[in-house]
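Letters A, B, C and D mark the chains in the order given here, with residues in each chain numbered from 1 onward.
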Amino acid sequence: MKRWDWTEYDMDLGLSGRSAILMASSRGLGRACAESVAREGVDVVINGRTAADVHRACDDLGGAYGITATPVVGDATTTAVHDALLEACPEPDIVLLNSEGPPPTAFGDVDAASWNDALQHTMVSPLLFVQRVIDGMQKRQFGRIVAISSAMVKSPNPLMSLSHGPRLGLTGVLKGLSKTAVAHNVTINTILPERFDTGRQEQMARLVMQFRGVTYEEARAEQLASINAGRLGRPEEFGDTFAFVCSAQAGFMSGQAIQLDGGSYDGLF
Amino acid sequence: MKRWDWTEYDMDLGLSGRSAILMASSRGLGRACAESVAREGVDVVINGRTAADVHRACDDLGGAYGITATPVVGDATTTAVHDALLEACPEPDIVLLNSEGPPPTAFGDVDAASWNDALQHTMVSPLLFVQRVIDGMQKRQFGRIVAISSAMVKSPNPLMSLSHGPRLGLTGVLKGLSKTAVAHNVTINTILPERFDTGRQEQMARLVMQFRGVTYEEARAEQLASINAGRLGRPEEFGDTFAFVCSAQAGFMSGQAIQLDGGSYDGLF
Amino acid sequence: MKRWDWTEYDMDLGLSGRSAILMASSRGLGRACAESVAREGVDVVINGRTAADVHRACDDLGGAYGITATPVVGDATTTAVHDALLEACPEPDIVLLNSEGPPPTAFGDVDAASWNDALQHTMVSPLLFVQRVIDGMQKRQFGRIVAISSAMVKSPNPLMSLSHGPRLGLTGVLKGLSKTAVAHNVTINTILPERFDTGRQEQMARLVMQFRGVTYEEARAEQLASINAGRLGRPEEFGDTFAFVCSAQAGFMSGQAIQLDGGSYDGLF
Amino acid sequence: MKRWDWTEYDMDLGLSGRSAILMASSRGLGRACAESVAREGVDVVINGRTAADVHRACDDLGGAYGITATPVVGDATTTAVHDALLEACPEPDIVLLNSEGPPPTAFGDVDAASWNDALQHTMVSPLLFVQRVIDGMQKRQFGRIVAISSAMVKSPNPLMSLSHGPRLGLTGVLKGLSKTAVAHNVTINTILPERFDTGRQEQMARLVMQFRGVTYEEARAEQLASINAGRLGRPEEFGDTFAFVCSAQAGFMSGQAIQLDGGSYDGLF
């Protein structure tokens, strides 16, 4: 058995020449994931709803790493964008499932339409996309499917039902699929972030300002205090974890829910 | 502090005079739950889609235990039946969330309509019903909400995505709600059965016969072999567990997912 | 299949005439467990290190419920007391594993002797006792082994390593054993309490007074605030849960870690 | 915020110039861990009980990667070897906790001496070593403590009580410690392997031959069949996962139990 080609590099992730479809990857955690695999020589399909962001990300990544970065502008929870993503990359080796989280909502205020909308966006749509790629991955004997979820799937917060409810459903279905896919070197894992330094936390801080009448600085300080590490995560920490989970040498790791939460989860497992 | 009134009975669950709405309770596990609380002096609303079954259950339970058993015929995943249930019992102390499970389906064959249907029936509809009762329970300082889920939520099977996906979503949302409701003596728990001796297992055995060409006896034998206890669960074992979880003295137990699976779950927690 | 004899009582746990060995049962949670099964007609062996407490408990339970209550005075983590317990009840149907918890200790202050002592008392000793009873239970086709553990096994606190470390080891070994024992109607479960209103919490409050310079009332208020239910658990709530887990109709529930923590655990499972 | 220096390499783990103490690292998984961090420019202390193995590993790693590899021969569960490890590397940045697993033993055959021995080797000894290094790591604001455990801590097997019991205790104590250490950029994680292609599995296959009368080939085939991936793990897959968990960019991941088991764990979390 040959070891990875470590002599020329530091850790070679064995991804050079692979291709990735990354949903919602023009900003935030998705963007960081794209960068980490682009750096490893992966051709990427960048997606987002704002054309300027998508094109800028493609220019940046293509320029920095010499890989092909293809823009697909639009909402990745729609069939039309699924079609476009697969047209841009018909045989992806890597798929990042990612979508924007819903705003906090008291349980009593969630109506049927909100449930259906959240479930469609966060659970059904990514599963329909997985349906379209998993057989090909299995035939080609390589696949890495990773979902960005939330630490709340393991510690549900009653104000975030619209987030953790659908995300848990997704996590469970992916776990089931992982049991058979791994025999074909297709791994399926979930990463559970909690409080990374992206626009999402700025947005959450502004919501807290409104609802609780604190200052922006106080709201940000509360965010830090809620994390055992005493700081927010850095997007590139997330991106590199994603890259490792996608690596050739991570083929024995599947069905995992990996928490990136600054050591904050209270539970043993 | 006064202890329960143990002197006159065996274990008094402190439920006499309480009222319960039990979805899908004319047969199977739901029926067993209804019987166990009726025996404790709880007035019950019995629900099911087959009028004869519902009426027979009401007659049986009312006759045996001298409680009031009110029939509500219809599909408990609809708003109309929610209305009827609450008309029959506007201030329930106990609510059993229960619905029929979907048939096994290969992941590749699940289309958007099937997802939406399963999510509506198994997750959204019960949550909308919880919305309608939880505030009242909290005000009255007593509530017991129990969902019948499936052991598969903790050990997902790729053939049962339509079951464990929505059920997990439900479990997560209920867990979030449990964190605040318990301060008002409203507990929310889930029971996770695996292979009870009801019509469901007969139906599953017939599906296995069809798909795998084995005899009915072989299919049933496989069911037994899959359970560490070497037998199927008895519906009354389920019912009495439900009754205990609903008891006055179970007010300190909330947010739990209690497995009734003959000791079959492989994981530690 | 015959249902339990519900007609004459409320819930009959099917334990009349059974026998139980209950370690550390002269006070606190152990005492509550003894009372709940004595009420169901179970002959009990009461154990504790203070003779007066043990004898008083025996008098009280024997008097109230007409069962046989046999005193065994001594430290239940010793072989000599194991011998005495089994002499008093050679074929127990029910065994409660229970022992006093260690004081809070900073990790840096735990030396090898403290580890070995805690492991011996909390893990090795109960396992050696289980070895002596499990085969007989399996042959007699009835057994209920329950360990009182701590909610901290699922949410470890760095000040309580001497408690949750050994308790987790015990929980894991019992879980392994449960997988085969259940085929013989021997169930093995763990109950995880958090903050019950016993002498233990008074003792913890006094430690907090010393270490943090707060008043006793403040220390007690902090205990309440740490529980989502906003109150401490009542020992009889614990005892009745124990009784239910020991019941005839709980034979399909095994390998479970049941939290009695006022809905405080943050994690999903 | 500066990103990692990705331009010159593939993924730079930011470990160049760091130092590591690796227990039981002359062969098997420990050796693979040593190689993966040596390749990243980490000076390593290699330990094992067989002098020739230890010296060969040092020669190989020093030669291949130009780092300093210091041999410490002896049983890493003893205080004398702890002293020697810390003399060789007084301020380690990385510590690998690792020890040989015990042979399978039926629960009924485990006596007090076996428990104490297993607990001393697998739980107490590594914790005493952690005591000696964790304060320094916290002061220096960098530390990576990783324990090699076993997938069985999450799915206990009754024949392996001597393995999973002590390992669970260790896992729990480390989880507790992780909650405060992470604020000082000291992470503590556990990796749970199941069936890697090392001498351990050959040894297990020989035990199965003896006990069950199968051929060596049959015993090996059973090993493969027990893994969802249909193959054994490769030690370098383990080593690179270890290296990633030790990386600079993994500072937000702590308190995790990462399964490397070919996707075999049945449970959701």
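Following the convention adopted for this analysis, a residue touches a chain if its C-beta (ideal position, glycine included) is under 8 Å from a C-beta of that chain, and two chains touch if they have at least 3 such contacts.
Keep in mind that this is a model prediction, so the values were computed, not measured.
Contacts with chain B and chain C are shared by A, D. The distance from the centre of chain A to the centre of chain B, with each centre set as the mean of the Cα atoms, comes to 34 Å. Measuring from the averaged C-alpha position of chain B to that of chain D gives a distance of 43 Å.
Counting partner chains per residue, chain B has residues 153-154, 156, 168, 171-172, 175, 179-180, 265-266, 268-269 touching two or more of them. Viewed as a contact network, the protein chains are fully connected, with every chain touching every other.
Taken in their complex, chain D has these residues touching chain C: 107-108, 110, 112, 115-116, 119-120, 123-124, 127-128, 131, 134-135, 153, 156-158, 160-161, 164-173, 175-177, 179-180, 268-269. The touching residues of chain A, when paired with chain C in their complex, are 153-156, 168, 265-268. Contact residues on chain D toward chain A in their complex (touch as defined above): 1, 3-4, 6, 9-13, 35-36, 39-41, 64, 154, 171-172, 175, 178-183, 185, 187, 228-230, 233-234, 236-237, 240-241, 243-244, 247, 249-263, 265-266, 268-269.
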